[in-house]
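Shared between the two complexes below is chain A, which pairs with chain B and chain C, respectively.
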Partner chain A sequence: MSRFILKRLWQAFLAALGALTILFFVQRLTGDPTLLLVPEGATAEDIATLRASLGFDQPLYIQYLQYIKGLGTFDLGMSYVQGVPVWDILMSRLPYTLWLTAGAMLLSIGAGLPIGVLMALKRGTILERLLQGVVFTGQSMPTFFSGILMILLFAVHLQWLPSSGSDSVTSMLMPSVALGLLTLATFARVARTAVLDELGKDYVRTARAKGVPMKRIIWRHLARNSAIPVITVAALEISHLLAGAVIVETLFAWPGLGQVAVQAIEARDFPIVQAVVLFGAVASVACNLIADLLYGLVDPRIRHTGGAQ
Partner chain B sequence: MSSSMSRSGGQESLRPRPTLASAMRKTVGSIPGYLWIFIAILLGFTVMALFAPLFAPNDPATQNLLGRMKAPGSVIRGVTYLLGSDELGRDVLSRIIYGARASMCVAVLSVCLSGVIGILAGLLAAYYRGWVETVVMRLVDMMLSIPALLFAVITVAVIGPGFINVILVLGLTRWTRYARVVYGQALSLMPQPYVRYARFVGTPALTIMCRHLLPNVFGQVVVVATLEFGSMVLFEAGLSFLGLGVQPPTPSWGAMMNVGRHYLDTAWWIAGFPGLCLFLLVLSVNIIGDHLRDRLDPRLR
Partner chain C sequence: MNASSETHTPVLEVRGLGVRLRDIAAVDDIDLTLYAGEALALVGESGCGKSLSSLAIMGLLPHVASLSEGTSILLQGQQLAGLDEDSYNRLRGNRMSMIFQEPFTSLNPLMPVGAQITEVLTVHGVPEAEARARALDMLNKVGIPDPAVRFNQFPFELSGGICQRVMIALALVGNPTLLIADEPTTALDVTIQAQILDLMRDLMRERDTALLLITHDMGVVAETADRVAVMYAGRIVELADARTLFTSPRHPYTRLLLESIPGISTPPKTVLRTIAGTVPDIRDWAEGCRFHPRCPFASDDCRKAAPPLEDLPLDGRSHKVACRHVNKTELL
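Our next item is the complex of A and B:
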């Protein structure tokens, strides 16, 4: 078991390092990242000074080592526009994004899983068709369209909820729903497939033949056995939610990481953009790692054989 | 021997050979009724995008400062604004029709680009194994660990927004799904007798990949491509919504919604109608893609 954990930790470390390396090279696509950092109208002299001070005149491999060293010591550089360490900005905005992501996750699991289970159990009925419609709608609805519809209905028309800002708990409602809708659809689909897979198996038939009530079969047998695909998807979806937050936060003026990244792009404050994307990549690797470790807890078969897949 | 051959040949000739037309009829006949609605929507948007100048009642860029933010159905100086006018007095309907061009064009081209890269990478990895496989599949894993939209955002931020750049970014970051599917399927085909025979008689690698492997993975590629098409439409709209996509004055649904969100309390139609079109297009593509997957994915049979 501990060997399995160590192996997974090592793999996750490699994946994160790989993602960071790709991002390093993406930033050098134009050849000279200094041009991304200078404000418009900078003189050639300014550019040369900045290039030297940031080490961009060094050979590529030295730049790369510096970059990795900086990340290892949590040094993400200084914000070019605000003049404060990027790390501080990241940390001050992170709680907002985490709240939003948590809200969206809660909604999508809380509603998505029951919808999926219901679709599997009521297969071939009108109810399944209706729920299928809900799922397809959620899957195809761009976050910014569902957000706009909600603002129109609840903020402009009914005036129940604030259309933007982060002053109260109620202002979190609409962004969370907009962000969580796609994930809700994904959870419903996965839960449906997982339950359908399990329903056809012998142990369910045995339990039913023994006269175990359906409710008990669902909670005792199906829930646990269908958990693996759901956990996998949950890990993947957290990274989707973090990315989706970029759009939702812009729409609802929610002061999280996504909003700060978009503002930074407009202000050409590149270190912040880079930091937010790095955070997204590391967070998504971490979520996958946690999911893999959770498998062992949920499913003893994986624990004993020493590894998933 | 010869008689049995001729008999079997005779039996075959009794059954009419399936022609392309009859195969098409059979395929079309098996499409469920509800799907036609979504096929019609998709075709509608395609035709609209292709022949935008014929459908658009007005010029999408002509401003009319006296006719700003007029409600749908307004007539200003003899010009009818069927879906209203935007904050500069431009016709929302015409802009939506021209906006379909940006959406479809970006989606089609980026699907093609990412598809070609992904298929090639997947085939090479499955055929050559060894270090090619390691490099390609590790690269896929690494790229998949960066959230897609964030990846697109940072790349566009580096190389700058614009039509071509968005296609390049989406094409170069989204090939990984094709690579995975093609790799997995092609790998399972490699030990098949016909592939082994082809290698044994010295068929060039490229011929084996194109003639023997590719046709057998193509069904799954089509499924991935359809679902990716929907994602690409959303990505383009999302990037344009953030100001990183197709640049003004070229109309784009995402950019229209970005502007329109500031006028939701006075002119909901500026953001509302492009959003509705986006939703309908993606919904149609997703439903068609789902249907295709059910039919073409061998794992689901």
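Our next item is the complex of A and C:
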């Protein structure tokens, strides 16, 4: 098991390094950001000084090596624009994104799984059709679209919820729903398929032949057996939620990492963009590792063979 | 069969059992009676409707199938046809239980086998500690070595034979009056098959449980059954005690089945040897006697109407058969 985890970590390390390397060079292909940073009316000399202080006068590979060396000592660099350590910016914004993602995840699991299970159990009934409608809607609406619809309805028209900001729990409600809707639909679909698959299996018939009531069959037998695909999807979906946060945070003026990333891209504040991408890579690696550990907890066969297939 | 048991209430009394798959009758008006301590084999080739019959009795029919009207299934006098799920759950695992063909997939892969046996008792109200003790005792009774170790193991850690022993333990731990075993040895190695059959036989005798044994294998019938019901295409075509059936089979289909086992001496069998084929799909079941397309004696009558299952006792023993040409069969 631990060898398996080490292998996974190594693969993740290479993937993250690859992503950062590509990002590093592509960003610099877009040109030299010094001109954006100098005040209006700066002299050529001023510009040259600033460029030298930011290191842009160095050859590209030197800049790259210095960046990697910095990473090795957990130094993410300084923001070009704000002149403060990127680490501080990241840490001040991270909680907002975590709250938002957690809210969306809670909603999509809390509602998506029961919806999927119900759809499987009530196959062919009107209830299934109704839920199918909910799932289809969630699945077919892009985040920005459902977000705008919600703002129009709940903030502008009904005036129940604030359209932006981060000062109360109610202001978190709409962004979480907007962010989680797509994931909710995904969870519902996966849960439905998993439960339907399991319902047809022999061990369910055995449980019924033992006189186990359906409710208990679902909780004691089905839940665990259908957990593997749900865990897989959950790990994937966290990455999707983090990506979706970029849109939702912009839409609802939510001061999280996504908003920071968009602003940094516009301002060509490279170190911040790089740091956010690095965070995304680390988060997705962590999620996958946790998923692998959970597989082992759920399924003794995986525990024994030492890894998921 | 024990003659005195005839006077008691049967454990299972099935009258006019029919199972419909959508609008086709897959099981057609079958009667079965089973007494305590008795093993009745329901035998026939694959696709005859044996599994559907047994699932119907257990109340476990798949969604696409339903009981025909007029079906009566009495378990110790209690009507099961039309019973709701909760009432069925009180009986299953408790007064009736079932063993399936695939021991490996029939167990929950993610639950230790001991817990799966224990659950039979706890869902019927036995306290956890007592249930565990009885489950462990049952593992011991089905001849599993190191039962205390096996108790906490998962199915994937056990062989097919051990898994089937676990299934037997699971089916018998609640002390049911009726056990249905659907092809319990078909998926096992030949060497293990006899052990499992012996084990089942011994446990049934010890507990006076009634066994409905479903199989396509006449060899298994010979080893286990007191009485035999031969099924073809959804109907029972012959019903007799095992010895009678093996020594003087009357239905051409029964003879065909018997020829498939080596070492059973039947009179010259050149004619039947040539009867080829398998059970057709239920949509293609013939009018009249459903066996007639494969039968060397088929006449116009056979094609028109199904022969009734008639009792033609032999030496005072009941011997039911549904064939117009019984006398010709005996001449073979």
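Everything that follows uses one rule, which is that the second predicted complex is superposed on the first by the 264 of 309 C-alpha atoms of A that agree within 3 Å, B and C clash if a C-alpha of one lies under 4 Å from a C-alpha of the other, contacts with A are read in each partner's own complex, and residues count from 1 in each chain.
In this section, contacts are C-beta pairs under 8 Å (C-beta built on N, C-alpha and C of every residue); 3 or more make two chains touch, one makes a residue touch a chain.
Model, not experiment: these values are computed from the prediction.
Asker: Between chain B and chain C, whom does A:261 touch in the aligned arrangement: first, second, both, or neither?
Answerer: First partner only, chain B.
Asker: Applying the touch criterion given at the start, work out whether A:221 contacts chain B, chain C, both or neither, answering first, second, both or neither.
Answerer: Only chain C is touched by A:221; chain B is not.
Asker: Regarding the shared-chain residue A:213, is it in contact with chain B (first), chain C (second), both, or neither?
Answerer: Only chain C is touched by A:213; chain B is not.
Asker: Looking at A:113, would you say it contacts chain B, chain C, both, or neither? Reply first, second, both or neither.
Answerer: Neither: A:113 stays clear of chain B and chain C.
Asker: State whether A:298 touches chain B only (first), chain C only (second), both chains, or neither.
Answerer: In the superposed model, A:298 contacts chain C only, not chain B.
Asker: Considering only the touch criterion stated at the top, classify A:26 as touching first (chain B), second (chain C), both, or neither.
Answerer: In the superposed model, A:26 contacts chain B only, not chain C.
Asker: Which of the two, chain B or chain C, is in touch with more residues of chain A?
Answerer: Chain A has more residues touched by B than by the other partner.
Asker: Which partner chains sit in contact with A:233 here, chain B, chain C, both or neither? Use first/second/both/neither.
Answerer: neither
Asker: Look at A:203 in the shared chain and tell me whether it touches chain B only, chain C only, both, or neither; answer first, second, both or neither.
Answerer: Second partner only, chain C.
Asker: Okay, in this complex, where on chain A does chain C touch?
Answerer: Within the complex, chain A contacts chain C at residues 201-203, 205-214, 216, 220-221, 224-225, 298-301, 304.
Asker: Quick check on the complex: what are the chain A residues that touch chain B?
Answerer: 15-16, 18-19, 21-23, 26-27, 29-30, 33, 36, 136-137, 139-145, 148-149, 151-152, 155-156, 163, 239-240, 242-244, 246-247, 250-251, 261-262, 265-266, 270, 273-274, 276-277, 280-281, 284-285, 288
Asker: In the complex formed with chain A, which residues of chain C make contact?
Answerer: Of all residues in chain C, those touching chain A are 58, 60, 85-86, 88-94, 97-98, 100, 102, 105-111, 119-120, 123-124, 154, 156, 167, 170-171, 174.
Asker: In their shared complex, at which residues does chain B touch chain A?
Answerer: These residues of chain B touch chain A: 138-139, 141-143, 145-151, 153-155, 157-159, 230, 234, 237-238, 241-244, 254, 257, 260-261, 264-265, 268, 271-272, 275-276, 278-279, 282-283, 286-287.
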